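Look for subunit A in each of the two complexes below; its partner is subunit B in the first and subunit C in the second.
Then we have the complex of A and B:
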C-alpha cells in the first residue's frame, strides 16, 4: 500500500525530488542477494584445486609413486614443499594426484545417481500403479542397507577401478533422487499443459521429456550440488578403508589412512591431506549453498 | 493400527528384497571362498572338493531358499574361515556396536537440543549465526577425519583418553566408557548438525504459536518455555530423523570401529570383506537391514505415542 501511494505522489508533484521507496527496496534486495565473500573465497579455492588437479602432469611435480630415499617421513624440506610420507613419496604430489580421484568421483557419482534416479522417479510418478509400487519397494530396500555396506559389497564384487567406484557411489544417490523426481512428477503429471499434450497425441516419452522434465530439473540440480561434497566424503571413507581405487593410486582417504599409522611421530602426513580435504569439502558446501539460494530466487521469478 | 500393519507388511517385503539382492551380489563373485580356503598352490580338484563340501556348486536360488529357512530357525550358517556360528558372531559383537551408537546418539542429542533451541530462540541472531557456522564446519568433516583429529589432540597430545581399545562392561563402568568416548564423539560430531537444523526449523514455527505467547504473557521464564512447552511439539521431525540416522550410524560405526579397534559388528563385517567370508557378510548385512527396519518401525510407534493427532486421526500417508 505504502509503495502505491508514494509512487502516485511522485507522479503528481514532479518538481519535488522524491525518493521512490520501491526502487530503494529493489536495490537493497539486489544488494543482499549479490554473491558475497562466502561464495567467492571458497570458489577461488575450488578453482585452484581443480586447476592443480587437472594439470597435475604438467607442472613439474615428482611422480606420486616415486620414492625419494634421502627424505623418508620428512617434514617440509627443499624439493618437498609438504614433506614426504611413510615411504618417502612426495606428499604434495600425492595430494594433488589423490585430488584427481576425489574430484572425479565427486562429480561423476552424483550425475550417475541423479540420472538413474530421474528415470526411475519419472516412471514411478508418471505411470503410477504397479511400477510405482515396485520402484517404491526397491528404493526402501536400497535405503535399508547402510550406504557404506553397499559400497563394501560392490568393492568386493567389482574390484577397485575408478569407474566402478563412481558407479557404485552413484547408486547410493538413486533413492533420494528418485523420490524427489517422483514427488515433482506427481505434481506436474496432472497439470493442464500435460493433459493438453496428451490430447494432442504426444507419446508418453515426449511428454516426460518436453513437458515434465524441464519443470523438475531445478530441485535435481540443487540435489546434485548437495551430493558433490557427500560423494567426496564417502570416497574418502572408502579409500580410508583401502576399498576404493587400488593401492599405488593415491587418494585423499588413503593418504590419511597411511598417515594415521605414524600419527604420533609424523603427524604432518595425516594432517595435510585432512586439511586439504576439509577445506575442499567445506568450499563445496558453501558454494553449493550460495548457488542453491540463488536458484531458489530464479525459480520464484525474483530476478 | 491398520497403518502399522501396512508398514509391517511393507517392511517384510523390503527385508526379503534386501537379503535376496545381497545373496545374489555375494554369490556371483569371481574367485569364491573355495579358492581362499584351498590356499595358493592347490589343484582344481581340491577347490572343487571344498565347493562340494560347502554346497557352493548348487544353484544360487536353492541356496538362497535354504539360507532363508535357516534364518527363521536360528541357523545363520557358519563362517567359512573360522567355523564360527554366524548368529553367535553377530550377537556377540552387536552389543558393543549398540553401546557405541547409543552413546553417539546421546552425545549428538545433548549437543543438538541446546544448540537448536539457542538458534531458534532468536533466528538470525548472533547465537544462531555462530551455531550455524559451527554446524557448517562440522558437516564438512567426515567422521574418520574427526576421529583422527580427536586422537591427535586428546589421546596423543593431552593423553587424557586412550586412542584405541575396548574394555568389557565387567571391568567397571568407567573403564568401559573411557575408550568409548572418543569414538562416540567422532560419530556425534557429524550427526548433531542434522538434528540441530531440523529442531531449529520446527521450533521456530512452534515459538510463533499462541500458547507460547500466553506462557510468555504469564511471565514464564524463557528457559522454562523452551524446555517444557516448546521442546516436545517441535521434536517430531527430529524423532523421525533419529530412526533414519540408524542407517548412517551403522555405516559410521564400521569405519569408527576400524579406527579405534573396537570389536563390534563393523569390524566383523570389514574382516569378512577382506577375507571374502561371504556367509558372514550376508549375516551382517541382514542384521543391519533388520536393525534399520526395526528402528524405523519403533519410530513410527513413537510418533503415534508423541503426537495425539496421529493416534486418534487414524492412518496418515
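Then we have the complex of A and C:
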C-alpha cells in the first residue's frame, strides 16, 4: 500500500502541494470511527445520572422520606435545590433515590428477558425439531397474553417488590429475545466450524456456549440497548399507576403521579422528574443508536 | 505403536439418507483397513460418497442419515458404531480428527486462532490456560505458520487461506490423533499453496506416525502422497491398490477413464478432453448391475447382472468383471 501512494506522490509533486495520502487515509478512517457528540453528550448525562443514583447515600441529601415541615410544596429554596413535594419531602433526594428504582428496572428487566430468551432461542435454533416446535408454541402462547395483564398480575400477587417488577417486565422481553437468538443461532448452527468443533469432541452445550454464543452476542447487545429505555418508560408508567414499588419508596413515575395532583398550582413537582426521565430515556436511545451503528460497522467490516 | 498395526478397520459401511424421493445410498458397502503410518487416498468425482464416508467414520452424520446394523467402524480395536455419543466425543480429537475442505468456514470467525487450539487442549488434555497457550504456539510452529507468537492472538480473517488451513491442521493434530482424515484439504486453496499444505500433512503423518485418509478428487494429489488408493464411484470402492500399482496396472475401466480425463502437458493444443460420457447413476434407484456399466465402453450384457464384488489378486482389488489388462493377467 505504501508503494502505491508513494508512486502517486511522485507524479503529483511537480504541480501540486505534497499531500501525504497515508495521513489523509488515516484521518478519514479516524473520522468515520468517531462516535460524535450525539453519543458523548447523552453518555455524559447517563454517567451523571448513574453516579448520582448509585452513590445516592453519599451526597448528604436529606432522606427521601423525611418531611421538612417548614417547606411544604415549596419551589427551590436554600437546602432544597429542586424544592419539596406535597408532603415537604426533598424533591432532588426523591428523584435521585427514585432513579435507583428506574435504573435497576431499566437494566435488570432486559437482562432477565434476554437471559431467558437466549436459552430458549439457543435450544430452539440449535436442536430444531420438536424442541423448536415446543418453544415456538410456548412463545406464541405467551405473546397471546397481554403484557399489561402480566404486569398487573405480578403487581397484585407480589405487591410491589422491586425484584418482581424486574421479573415481570423481563418476562415481556422473552419472546423477542428468543426469536432473535433463534434466528441468529440458525444462521450459525449449520456452519462448518460447528461441525469442526463437533469433530474435535465438543458437546452440544459446549458448542452453544463456546462456538455459537460469541457469534450471536452482537444482535443481543443491540436488543438490550433498545430495551433499556423501554423498560424505564414502562416502569415509569407502572409507578404512575401505582403498580410498581410501594408508596414510601420513591420512583420517577411515582413522583410524577404525586405531582399530578397539584399540577396547576405547583407544576415543578411533576416537571423535574418528568424532565429527568425524558432526558435519561432520550440519552439511552441516542447512545444505543450510536453503539448499534458501530456494531453494524464491526459486523460488516472487521469480523 | 509399530508400523503395520491396524488403526482403522471399516467393514461394510453403508450410509443412506432419507430424502423426499426415497432412500439415497450415499455409501454402499465400503470396507477397508488402514495401518499406522500409511496414507490412503480416496478418489472420486462429486457425489461419489467420499465426504459421507469420512463423516461416517467420524460418526458425524446428520439426523436423516441411516446406517444399518451390519456396518462396523473399528478404530484402535474399538467399534465406534457401538459407542455412545459421550464416548465418541472423548475419541474425537485424541484418536481421530478431521481437516475440512474450506478453512474459511471451518474456523470460528469470532475466536482467536490460539483460543480455538487452546479449547481443544484444555478440554481433552486438561491443560491449564498458560500451558495450553504455550502448546498452541508450538503447534503453530510445527505447522509452519510464520510468527506463531503473534499469530496466536489473531483472528481467522487476518490470515490467508493457506495459513488458515495450517491452523485447521494444528487444531486437528493438537491431541495427537491416530487417525487423521483430510477431506479435500486443498480444494479451496490457491494452487501454489496446495502443495505446501499436502507436504505439511504428509510430514505430520510421518513425524507423528499417524494414519491418514486423504480425500480428494484430484488424481495428481494422490499420485505423490499416498501409499494406497481407493477409487470411489456411486458410494462403492471400485478399485483399491497400492498407488504405483493403480497407475501402472489400472484394472477398473472407471479408473482408467478418470486418468484419461486428466489433460497432459504433452498433448497437442486444442485437443478434445477425454471426458467420461453420461452422468453418475441415480443413487436412489441405482442400476441393478455394475453402477458404471451405463457409461463404460467395455460393458456388455453380463455387466448388468448383479453388482461385481471388490476382489483381486495381491492387494490390487477391483470391482469389475471385464477388467482392463485381462490379456496380460491371463
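Note that in this section the second predicted complex is superposed on the first by the 270 of 303 C-alpha atoms of A that agree within 3 Å, B and C clash if a C-alpha of one lies under 4 Å from a C-alpha of the other, contacts with A are read in each partner's own complex, and residues count from 1 in each chain.
Just so it is clear, a residue touches a chain if its C-beta (ideal position, glycine included) is under 8 Å from a C-beta of that chain, and two chains touch if they have at least 3 such contacts.
All figures in this text were calculated on a predicted structure; none of them were measured in a lab.
With both complexes brought onto subunit A, simultaneous placement of subunit B and subunit C is permitted, the two fitting side by side without a clash. Using the contact criterion defined above for the overlaid structures, shared-chain residue A:196 touches subunit C, although it does not reach subunit B. When the two structures are aligned on the shared chain, A:286 is found in touch with subunit B, with no touch to subunit C. Of the two partner chains placed around the shared chain by superposition, subunit B is the only one that A:146 touches, whereas subunit C remains out of contact.
Residue by residue along subunit A, subunit B and subunit C are tallied for touches, and B comes out ahead. Of note, the Cα-centre angle with subunit A at its vertex and subunit B and subunit C at its ends comes out at 100 degrees, rounded to the nearest 10. Of the two partner chains, subunit C is the only one touched by A:210; subunit B is not. When the two structures are aligned on their common chain, the gap between the nearest CA atoms of subunit B and subunit C comes to 19 Å. When the two complexes are laid over each other on chain A, subunit A has no residue in contact with both subunit B and subunit C.
Across the complex, subunit A meets subunit C through its residues 129, 191-193, 195-203, 206, 210-211, 214-215, 302-303. Chain contact summary for the complex, subunit B toward subunit A: residues 10, 13-15, 17-18, 21-22, 25-26, 28-29, 136-137, 139-145, 148-149, 151-152, 156, 247-248, 250-252, 254-255, 258-259, 269-270, 273, 276, 281, 284-285, 288-289, 292-293.
For subunit C in complex with subunit A, the touching residues are 58, 60, 63, 86, 88-94, 97-98, 100, 102, 105-111, 119-120, 123-124, 155, 157, 168, 171-172, 174-175. Residues of subunit A that touch subunit B in their complex: 137-138, 140-141, 143-149, 152-157, 229, 233, 236-237, 240-241, 243, 253, 256, 260, 263-264, 267, 270-271, 274, 277-278, 281-282, 285-286, 289.
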